[in-house]
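Two complexes follow with chain A in common, the first pairing it with chain B and the second with chain C.
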Partner chain A sequence: MPLNDTGYAYAVGRIRALETRLLDKSKLERMIDAPSAEEALKVLAETEYAGAVAELADVHDFEIILRDEISRCFALLLKMSPRPELIGMMALRYDIHNLKVLFKAKYLGVTADLLMPAGTVAGEKLKTMVEEEDFRDLPGAVRAAAERVVEEFAVNRDPQAIDLNLDRVLFARLLESARAARSAFLEGLFLRQIDLANIKTFVRVKRMGQDREFLKKALLPSGLIPAGRLASLLDEPLESLIAQTAMSEYAAVIGEGVRDWLEKGTAAHLEKLADDYITAYLQWGRRSPFGFEPLIAYLWAKEIEIKNIRLIMVGKINKLPVEAIRERLRHVQL
Partner chain B sequence: MFGIESGIVLALLGAALAVGLAGIGSAIGVGIVGQSAAGVVTEDPDKFGQTLLLQALPGTQGIYGLLTGFIIMQRVGVIGGGLMLDLGMDKGLAVFMAALPIALVGFLSAIAQGRAAAAGVGVIAKRPEELGKAIIYAVMVETYAVLALLASIMLLFGIPLP
Partner chain C sequence: MEIRVNPTRMELNRLKKRLKMAERGHKLLKDKRDELIRQFLILVRKNKELREQMEKELSAAFAKFLLARAVMTAETLEEALMYPTRRLTLAVKKQNIMSVYAPRFEWGEEESGRGEAGSIYPYGFVDTSAELDISIETLSGIMPQLLELAEVEKAVQLLADEIEKTRRRVNALEYVMIPKIRETIRYITMKLDENERGALTRLMKIKDVVRAKM
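Moving on to the complex of A and B:
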């Protein structure tokens, strides 16, 4: 019987209480069925978001609530975790997201989307770094990746360099820290996220009609599905990818999601299935009474909740039909 | 010092282990449940009473250990006068052995019970109405502490002391 694994007992107890306040399916359904965006927001005002909703001046600014919520959630997890570095590691994806947004704004001349506030480096600081192309303050591997983006873009003006380099360093770092923490649970999570990202890349490249060399460069290494195997399937009909993966854990994601994407031309359904897949994977560690797994699972549940609220609010503001919103809604498992 | 008549040392060592090990186990067990409960109560102070019930469960092993310790003290004359300084080695060793069941089982079962009760605190956080079930899971562990106490007491009373 291990005697020293109870370090997370307090944090997990707190998570158990917090989990009861996540939006359940019935609240989300009520938001979907609301006649207008304002009415949907009123449902949100009955929940944990009450304070934030009360301060909101305009329905269109709902994104502010969501951004505040994720950084509040992050700060809370960091504070109650006996090993904050494990949670901090999860914040790396926000830094990478912010870097991507800033690079795209700079190179493609689009206005920058809102930056995620929960990253390890403040958004303003990242902005200056990207503007001045000086990444000295970033951790080693991330810095190298950012510098590579600048170099490669200068050579061939290809915006693909942004996503390629940054995703690669993100997952390399995540896997590295999962292995350092000796957590099969985290490693499994990141490996599956790599696979799902690769499956999306595969379909995107197939739709663009690019060749195998291009795909090989775009795929992330070290996933559970070897990149080489995916690449070799590029020139074959989609059916062979579905047949090859029918016995794997991704059968539903690929069978349903990829087919849907190729037929309807939108990745929405695949994105939903991929998120639901990760939700299902996290159930594996969620019930542990002492480990850090429930913290990771709670963070994910919060991210899914925020995605769902965003889906509903965007749908309501744009007056999308109820069915269209509902079919994109991520599965909620409480 | 350890002559043929130093059995009293072993008998007292038995008492010390029964009280000490079972007490340490209970302290660890109650501590684990306390951490989980504090987490829940941070977010939901109304759950204090229910979580306290669960926290008390791993405390019993310490009491069983103390009870065994008292019986030994009474039998060798620490309590009631007439300390048996001339207790034979064989008798002393027998008393020591009699203390082992509750010392060992008390130590480990209290920690195991603490873990089960801490998991039960998680149940209370979500479903306060299921307190009874959460308690039953933790109480199942108690069985083995009670069995060990029973064995220790039967052994102690079976040893003929002068």
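Moving on to the complex of A and C:
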């Protein structure tokens, strides 16, 4: 690796300190057991979120805390990482989200107010780009995808195609950057995310009763499980997916998750297992003392934490049964 | 109680005509009321059935939606649903149930895109939860029934109003109008008879006086 690994020593040190402030399982459990949303928020007020919680006027606005937290987290990591572009890479998701929003808003003729601030390109700038259909300032692959979206939408006016195209380029771009950074760790991460997304997509498309052509469009290319192989399984019962992947590293996720889906008709468990799988994968990166891996692992841990908080808060506000919340709660590794 | 009228034969005839009219009206309105209630009951039963079914399906769909919401960010969820693939056109026409004009909905679904073979899901798969699929599927499936429910429910409301009005009219005729007219008729008849008797007595009296003088 060309990079001097000690460059990360400072950042890793800080991450180690920050990691201890992530919500642990007992805090989350206490939030779940809280009798009301207000009580759950009080638990949150004992943690790093204290300041944000204090400013909150209404429990229903808890999303603001989460949104600010993710932006803050990105800003912090960008500042302390000696190679900010690696962190920027992780924020590409938000750019893609913003692009989707802007495209849809443009075609609907409404103003876009769902932009996420964590993206690498400022919202206003993206907005002008989409409005003028001039994507010269975007990185190569994204630019091509944006142009393709414009082209395709003119023909078929299908909003799903916007999402599919942009999702596809997101992962293509992530893989490309990981390879450019010569990081097997990152490449592995993205490949696994692609696979897990594809498995979920596969089952969903199958349930929707769509045909193979559609599935091919919906699957992300270049995962560890070739998209073609998944597509060829479409006409067979779901059990054969389990059998076919029994030898792969996803055997546990697919076996348990898909079976649960077949039995209960809900994908909750599969989605949880998929997230847990990524958490476990990042675990070995976390231990590395001198690399950027702990930063990525921290970012993921933060995202999972936010996911968990959201799950609990939505659950508490709407009085979901405790088991429904608990079975969807993502595993936290500390 | 009775209507103040001049006790004349002309008035009596007029009142008799009114009584006949009122009785005929009463019968007609009563028939109308019975038929309205019959129609009403049919609709109410249908309404109950539809409503129970809708409530069951909707609460299931909302529960799924809630779960999808719980695992997705607000922005992602709204982005996913921002651009609908279907557009519903609704034309409101009138239908005549016993001269109650209830709305009749005619709807058509048109795809706003000419894309993927009628896909009802306007979003990509990477960031969205599978629980959203189920929710969208249910909601999209029950749209026609929801419209039907709206139609039936409105008809039931209008019919209930109409029944109320008709019942009031029937009762007014039955318990107020008709007895009143009858009473008045009796009064006039009595008055006229009284007059006649008076005139007769007077005549006889005069006859006596005249006879005595002769």
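Definition applied: the second predicted complex is superposed on the first by the 298 of 334 C-alpha atoms of A that agree within 3 Å, B and C clash if a C-alpha of one lies under 4 Å from a C-alpha of the other, contacts with A are read in each partner's own complex, and residues count from 1 in each chain.
The rule is simple: a contact is a pair of C-beta atoms (placed from the backbone, for glycine too) under 8 Å apart; a residue touches a chain by one contact, two chains touch by 3 or more.
Everything numeric here is computed off the predicted structure, so don't read it as measured data.
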Chain C versus chain B on the shared chain A, clash or fit after superposition: fit
Partner chain(s) touched by A:Y10 [first = chain B, second = chain C, both, neither]: first
First (chain B), second (chain C), both or neither touched by A:F290: first
A:R310 touches, of chain B and chain C: first, second, both or neither? second
Touched partner set for A:L18, first chain B, second chain C, both or neither: first
Geometry of the superposed three-chain model: angle at chain A (Cα centres of chain B and chain C, steps of 10 degrees): 160
Touching partner for A:L270 - first (chain B), second (chain C), both, neither: second
Chain A: partner with more touched residues, chain B or chain C: C
Partner chain(s) touched by A:A54 [first = chain B, second = chain C, both, neither]: neither
Chain C versus chain B - closest C-alpha approach in the superposed model, Å: 29
Chain B/chain C common contact set on chain A: none
Residue ranges of chain B touching chain A (in the complex, touch as defined): 28, 32, 35-40, 42-44, 47, 108, 111-112, 115, 118-119, 121-122, 125-126
Chain A - residues contacting chain B, complex: 1, 3, 6, 9-20, 80, 289-290
Complex contact set, residues of chain A against chain C: 63, 66-67, 93, 97, 100-101, 104-105, 107-108, 114-116, 156-164, 166-167, 170-171, 197, 200-201, 203-205, 207-208, 210-211, 214, 217-218, 220, 261, 265-268, 270-271, 307, 310-311, 314-315, 318, 320, 324-325, 328
For the chain C and chain A complex, residues of the former touching the latter: 66-67, 69-71, 73-76, 78-80, 82-85, 112-117, 119, 121-127, 129-131, 133-134, 137
